[in-house]
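One structure follows; several queries about it will come next.
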Amino acid sequence: MNWTWFHKLGSPKWFYEIGGRWLPWFGWAAAILLLVGTVWGLAFAPQDYQQGNSFRIIYIHVPAAFLAQSIYVMLAAAGLVGLVWKMKLADVALQQAAPIGAWMSFIALLTGAVWGKPTWGAWWVWDARLTSMLILLFLYFGIIALGQAISNRDSAAKACAVLAIVGVVNIPIIKYSVEWWNTLHQPATFKITEKPAMPAEMWLPLLVMVLGFYCFFAAVLIMRMRLEVLRREARASWAKAEVRALVEKHA
Amino acid sequence: MSNVFALLFRREARLLCRRPAELANPLVFFAIVIALFPLAVGPESQLLQSISPGLVWVAALLAVLLSLDGLFRSDFEDGSLEQWVVSPHPLALLVLAKVLAHWVFSGLALVLLAPLLGLMLGLPASTLPVLLLSLLLGTPVLSLLGAVGAALTVGLKRGGLLLALLILPLYIPVLILGSGALQAALQGLPAAGHLLWLASLTALSVTLTPFAIAAGLTISVGE
Amino acid sequence: MSSPFLEAVSLSCERDWRLLFEKLDLSLLPGQMLQVAGPNGSGKTSLLRLLAGLMQPTAGEVRLSGRPLREQRAELARNLLWIGHAAGIKGLLTAEENLAWLCALHRPASREAIWQALAAVGLRGFEDVPCHTLSAGQQRRVALARLYLEAPPLWILDEPFTALDRHGVAQLEAHLSAHCTGGGMVVLTTHHSLTERPAGYHELDLGQRAA
Amino acid sequence: MSFSSFSDFFAMGNHGLYVWTAYGVSLAVLGLNLALPLVARRRYLQDEARRLRREENK
């Protein structure tokens, strides 16, 4: 098998160029999808027969929660690639994606809490999903804190990778134990995000929003990674030329 | 290879025994935290009994975490870890011996102290076997997971708080299962299910975490 | 042509955004001694740690018998004796216990052999004294006693002469030189200039490279 | 369109406060995520420009 493409993928210069080319696509896709999804979800989707209009929060809560979980898995995958193949770009991806993941869990938690008020009558309920999301946020904090605490850049990336992998093995265990704990303590209450057979007018905008969130993540991640690559490669001639060109353009 | 395991275990045991104060500190911490609660929530035995499963477990969890902060620090500072890394033996095996020795001397003592504190909180004697067994199965998981964090933070000047931040979220399943077992026993329900789950977590962590600990130490040593 | 036992190819090392050295080549054949010199912070210890496989280079690679180090971990572990700045001596254990464990990590040594090694570094009668009661020089001698036990061919020593008295320095120099003459290899850092040099002695000055 | 008028749309059937808070805060967070790398990039380029000027003056 030919692995050159894989190693090319690890080349910072290659990523910088390709990323620059992809960025507008992801950016525009995110903007359009988010706009369409929001308008559709807020104004056109039918209201829920039980929850009324508060259910419209689903169009940000669920995509953010999805994304927060996927990003954590992505961190672990990037960590594995970084540890096994010593790919520097994977290290960059890991450290740049973690804050975005933390913000996404924050959005999911906050919208969950706001949604909980009209649904359960309390700002915070120890619902299994919300609790798992809170724990996920703590896991993100751990990775970010560890990355900040270790001054050596390569060691920080490797340490975060190990932590992310340990975390990702733990996530299913945490999820199941929390769900099980929840059923034990408050038997089968009304679950906000599990709708039996949602009609298409309801889930189509949801799908659009999920896609929009993923595109948004891709765009922001590429932006952050390109900057970080430029910083790390500051000694390489292509990076010097690029910085010089950018500086002249802005001046 | 198993020879080195036994030798390291003996050496760690000897080291721990020559510093008895450090062994006692987590135990005293455990007892003090438990004693704080009746002072904070009031001495009504009904209330104390109902919260005691969670209380004993949270206190045990914090005590284990506290004792782990320095797990690898002295080995890191005096160069022992470098010797482990350059040795022909798998690092995962060496760290397993180290963590096992640490658990036998601090975790086990914690487990043995717990029934006494349980009685003080008003746990009926019939639940004490479950308390003992749940801690016996759960504390090795706490030690092993905590050792991953200790390995990752060993090179940092002030790793204690960071260690807690990294590791406490990972402790949640053990906390849920352990206190769940005790709660079930308190309500007269069978606790075998919880204990079996705890046992499988123990088996899982004994097999997997040594590799993560070894990876963490290699990273910290290579910094 | 057979490849050298240990070699570094175009090695670069970066620490905290600072380039310590780059494109460094070196090779070591049996019987050779390499003294790494240079001012503080020039990367002497880092170079030694790279050669011992404790650290990963930023670029380039270390090779053992012509093959990359990461494929040769077991081979390196069998052939390497590493004594770092901190030598792995536990203050709470006695000199004998310390040595017995450090040997057991590589090749177990008998009690008699350990006592002989301790006697060779002038610590006869200190075998069962906890190391924290020994002076810094004596503790260093405990670590160096490993060199007098049945030892692997490649020694990598970071500042082995620290805290030793004049007699200890002379004795160690002679011992290192004898090891090289017998076909062993030594890589070391030190600030003083060696008076006794084996035939295969050469020096690498990291300070001059940077300038 | 599931609302008959704009005021209906803003009221969200008595849940307006919750829905608009959730959307508003989320929009702010997304905006922040977008702004942070942009600001960081501008700052980095400014730093580099300063450094380049320094080097030219030398």
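Residue numbering begins at 1 within each chain, and the chains themselves are lettered A, B, C and D in the order written.
Going forward, a residue touches a chain if its C-beta (ideal position, glycine included) is under 8 Å from a C-beta of that chain, and two chains touch if they have at least 3 such contacts.
Everything numeric here is computed off the predicted structure, so don't read it as measured data.
**Q** Between chain pairs A-D and B-C, which one is joined by a greater number of C-beta pairs in contact?
**A** Counting C-beta pairs in contact for A-D and B-C gives the edge to A-D.
**Q** Using mean C-alpha positions as chain centres, tell me how far chain C is from chain D in Å, no decimals.
**A** 56
**Q** Taking each chain's centre as the mean position of its Cα atoms, how many Å separate chain A from chain D?
**A** 17
**Q** Quick check: how many Å separate the C-alpha centres of chain B and chain D?
**A** Chain centres of chain B and chain D, defined by C-alpha means, are spaced 44 Å apart.
**Q** Hey, how far is the Cα centre of chain B from the one of chain C, in Å?
**A** Chain centres of chain B and chain C, defined by C-alpha means, are spaced 37 Å apart.
**Q** Which parts of chain B, given as residue numbers and ranges, touch two or more other chains?
**A** 222-223
**Q** Which positions in chain C are in touch with at least two other chains?
**A** Residues 56 of chain C touch two or more partner chains.
**Q** Considering chain D alone, which of its residues make contact with at least two other chains?
**A** Within chain D, no residue touches at least two other chains.
**Q** What pairs of chains are touching here?
**A** A-B, A-C, A-D, B-C
**Q** Spell out the part of chain C that touches chain A in their complex, as residue ranges.
**A** Against chain A, chain C makes touches at 15-17, 19, 56, 58.
**Q** So in the complex, which bits of chain A are touching chain C?
**A** Within the complex, chain A contacts chain C at residues 86, 151-154, 235.
**Q** Which positions of chain B touch chain A when the two form their complex?
**A** Residues 145, 148, 152-153, 155-156, 159, 162, 165-170, 172-173, 176-177, 180, 201, 208-209, 212, 215-216, 219-220, 222-223.
**Q** Which bits of chain C are touching chain B when the two form their complex?
**A** Listed in rising order, the residues of chain C that touch chain B are 49, 52-56, 74, 76-78, 80, 82, 84-93, 97, 101-102, 104-106, 108.
**Q** Given the complex with chain C, which residues does chain B contribute to the contact?
**A** Per the stated touch rule, the residues are 3-4, 7-8, 11, 14-15, 18-19, 74, 77-80, 82-89, 221-223.
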